[in-house]
């Protein structure tokens, strides 16, 4: 029974973790290639789901075409325009003004969403109708399986693109060492633009997968943004793979912590503590531990600097 | 104040410029007018105006603390609001549950914030490069919120603590809005003096030297880690004081008043006002506190316009609004002199 | 800028010149409580429109001024102070208990009656003679759910609550009442707002093996919890309050909501024609389904109207005095939607419903009549 | 013997010249502006005044890609590889300006012939190479283009004496094949010993220029090696 529960928690943790990974990978990409710490990431995700809903209603189209349309809109606004209007002029002043500006941007998106679509949560269609599948004692919903599958396909495609194509490798090179990339003649500015476009794509995908579960709500960006940020730090923000694993870790740890902290037997006593209100603290403690003991992130690589 | 001589190199030519005396007169005049204005404010402000000014005062105190950390030591703290929470809860619990005198509680709150600042800063600041302090304070801010929310036996959880007393001095109660306003104003003045003193002291000069040229200062034997740690701890202690001021003003505290988001807002106040500048915190806190007021006519769009304003300030004045001052000085109050 | 200032002053004096009465509405328009606050403010505005269309109050047109508390207690204190400087007839709001606790002092000092949507028990227990509730609060409604559960033969329970002001208040009341009724609380599980996955809670509930689950979380989380329960094949009954039984949850959870039962204090789904009319009007105007906060805001305005008419003037002190121990029936004032009785503290009571979800629909299984022992019925 | 390469840049009105098919070493104390000079030449820094000429052609405001096309390559100080990419993929970036992947592959084979160790490690992550191998990879990558002028900044830093000698031998071999090399070296004595020409920079200004031998023998130059100031 215990083992079965553990596996169950793991599987459902992976389903949410997969979405978190999508949120975090784009965040880490921007950070890596352009030094942009995007505090509006959560709002990008949140409003993407409203854009999908709006397109579905406006054009009377299904979820999938609306998603692809929204993806292009999102790439234009949160990829191209975001970079051109906000990031490019501000980056030269260092990261703090840009961070503040993205906080301001997040605020604008959040409030405009509230004004246009209201403060109530709106339901959002799911890619598939949820059916419960039973494998032995394990009970898994088809919606979760599809979520995991879509997330993995997207992430695998991204990894293939980054590793197997010349453009992808040029982006990696830009992320690893911008100056050298420039010296070698890589069009660094264009590579950075590509990462913004990819981030916009990932953001829309995350919206597609997370919103059926969490609903479209103007205020949910705050949670998303924090998760993306934390996943990127935990996994090591100088690596796409790190953010990926960070996202999955948060999803899984959340589930395990909530379950196992609910009844903690103190050894040698009859006392059982209910620490479930502190479940949120576990990823935070992990985060602080990572920074203190392995600041490059669990899966990050130490940046070796020569003198 | 004597006028200063600045030299700038433009190509091969050396141009000497001189700041006009009128600039000094103007800035001092404005500063004195502002101080007198603040003292006389209750003459024409009613309850609401005083609450706004008290809010501005405690926010300025918190932002001044953040300015030490960010503006002078160059590290980002996302836990300034959490430290306000530490201060507010410490003093409130001491007063209400342990019957400690208000002023003693204030001092203990300050010391505890200072101590926690050291405890967090010490490990986090070992690594100089990168935003590690920012990440650790991000975690800390969330942990503090969890503790305040979950330890209900102590903090009353999300329902908060009400009926927080306001101080009295020598039996003279500062409960009335006007009196509490002057209390806030004096606290603000005291903190400002402390900051002013810190920056003028050898310490402060070391801060600035480290900010402007870390490598060189290190070679002169200044330890960047030590000074950064001190700046962060003192800055956090200021937040503790600001928290005590907020608790007294609002007469109520709850965990949500000190969440991460409020810490971000304080960072925003500092950067928009001008980090690394003495008046930056005053401007930043004023903008965030008063702007919603001035934008009231825009109805529900006021936060949108506020966000837009923040972006515009960052775009055109990345050093914050306080950065306007040197600009005005250079543009209007400088003349070239023959060398 | 100068021109703008003048026009505002002009507008203000204009509205003063006409016979009008000002209501200030501090509400959570932005920030974490925006869903609740916007419902509340929209309900208030709808009521003002209906009242004005019917000729106003004592011939005066109602003017409402919404003040955003940003779901922030300090801001809520500041904005109500601002509003009170205009000498309004009444304060309608806010909803979050923290914001109310902070600013009710200000309204009391200004001797202005204040109707709030807050549910925290402490609000009406401080002898403040100007504070009035718009729903019975957790202390009024939770005993009815627990009693209902006892009647259903439940002897042990797992509580799943959201760890915020709302959830903690409900949890505290529930634990106390379960204790009184001898129902064993096996486990209390804390959840978060915006929690995506409820599998851990569901598995814990299976492990401890209680007779029932008492769920006290927000709408969206309620739906997610019900779906997770269904997915894990949990068949023990789930009980709850208005939120769990709301239409929104039904829409989101689909057939996972079947079998859920509980007690509902005030809901837009109440099988009362006046409530259904309100709901239709609200949906037509704002394009979304009102929650109970919208109803509370709407009702508060009509209570204020009725009281002004009973007193015969906008005498705030008299209104506050008169309202204690008053009964307002829908015959007196149809806008209150259902009969309301105020007691000496400003707490209220009205008829409530036992509801269960069957085949995706709410079915009223019983009506709990208003308790007649308050001072209003003497 | 003044060849067609004229390079002019302004740090503070500094004019330097680089001779064809010769090894020229730039020396000077810390902060003299040596690396800045290279960055300025290679279009990494905005140039306020002055001109850079390559074979009489103005190349002042060109971007790195254009400079690469013109036959110039630059190996900056420190580690210049992408540690998480394979050796092969690192090398590949040497051929961006060719805009022809087939051609790049052909040339990569040539580099492999010269540096067999790189071929052996082709599929490994570049970060796993030793310091000397990494430097080899960098130089090999720069040579992929068969440049006419190579800028190389402190190639010896962090390398063992044997590797330093190997690196210098490599550079001499390149020079003998007709490549003009402009090198910055901290180890001035050793570098000037193998160079044809020398340039001394001091506080962003040209302090001395001439044959390497001439500079080595200059009476004032000893001060420089002791960290002093040269009076000219």
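For reference, chains read A, B, C and D in written order, and residue numbers begin at 1 within each chain.
The definition used in the following text is that a contact is a pair of C-beta atoms (placed from the backbone, for glycine too) under 8 Å apart; a residue touches a chain by one contact, two chains touch by 3 or more.
Owing to the predicted nature of the structure, the values given are computational and were not obtained by experimental measurement.
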Chain with minimal offset from the mean of all protein Cα atoms: A
Label of the chain whose CA centroid is most distant from the centroid of chain B: D
Higher-contact pair (C-beta pairs counted), A-C versus B-C: A-C
Chain centre separation (chain A, chain C; CA means) in Å: 35
Distance between the centres, which are taken as Cα means, of chain C and chain B, whole angstrom: 38
Averaged-CA centre spacing for the pair chain D and chain C, given as whole angstrom: 75
Where chain B and chain D are represented by their mean Cα positions, the distance between them in whole Å: 49
Residue numbers of chain C (touch at least two other chains): 30, 32, 163, 190
Set of chain D residues in contact with two or more other chains: none
Multi-chain contact residues (two or more partners), chain A: 111, 114, 277, 280
Of all residues in chain A, those that touch chain D in their complex: 166, 169-170, 172-173, 176-177, 179-187, 239, 301, 304-307
Interface residues, chain A side, partner chain B - complex: 37, 39, 86, 89-90, 93-101, 103-108, 111-112, 114-115, 222, 226, 229-230, 233, 277-278, 280-281, 284-285, 287-288, 291-292, 295
Complex contact set, residues of chain B against chain A: 70, 76, 123-124, 127, 130-132, 135-136, 138-140, 142-143, 146, 149-150, 260-261, 264, 267-268, 271-272, 275, 300-301, 303-304, 306-311, 314-315, 318
Chain C contact footprint on chain B (complex, rising order): 46-48, 51-52, 55, 149-150, 152, 157-160, 162, 246, 249-254, 256-257, 292, 297, 300, 302-303
Chain D to chain A touching residues, read off their complex: 42, 44, 64-65, 68, 74, 76, 78-85, 89, 92-94, 96-97, 101, 127, 141, 157-158
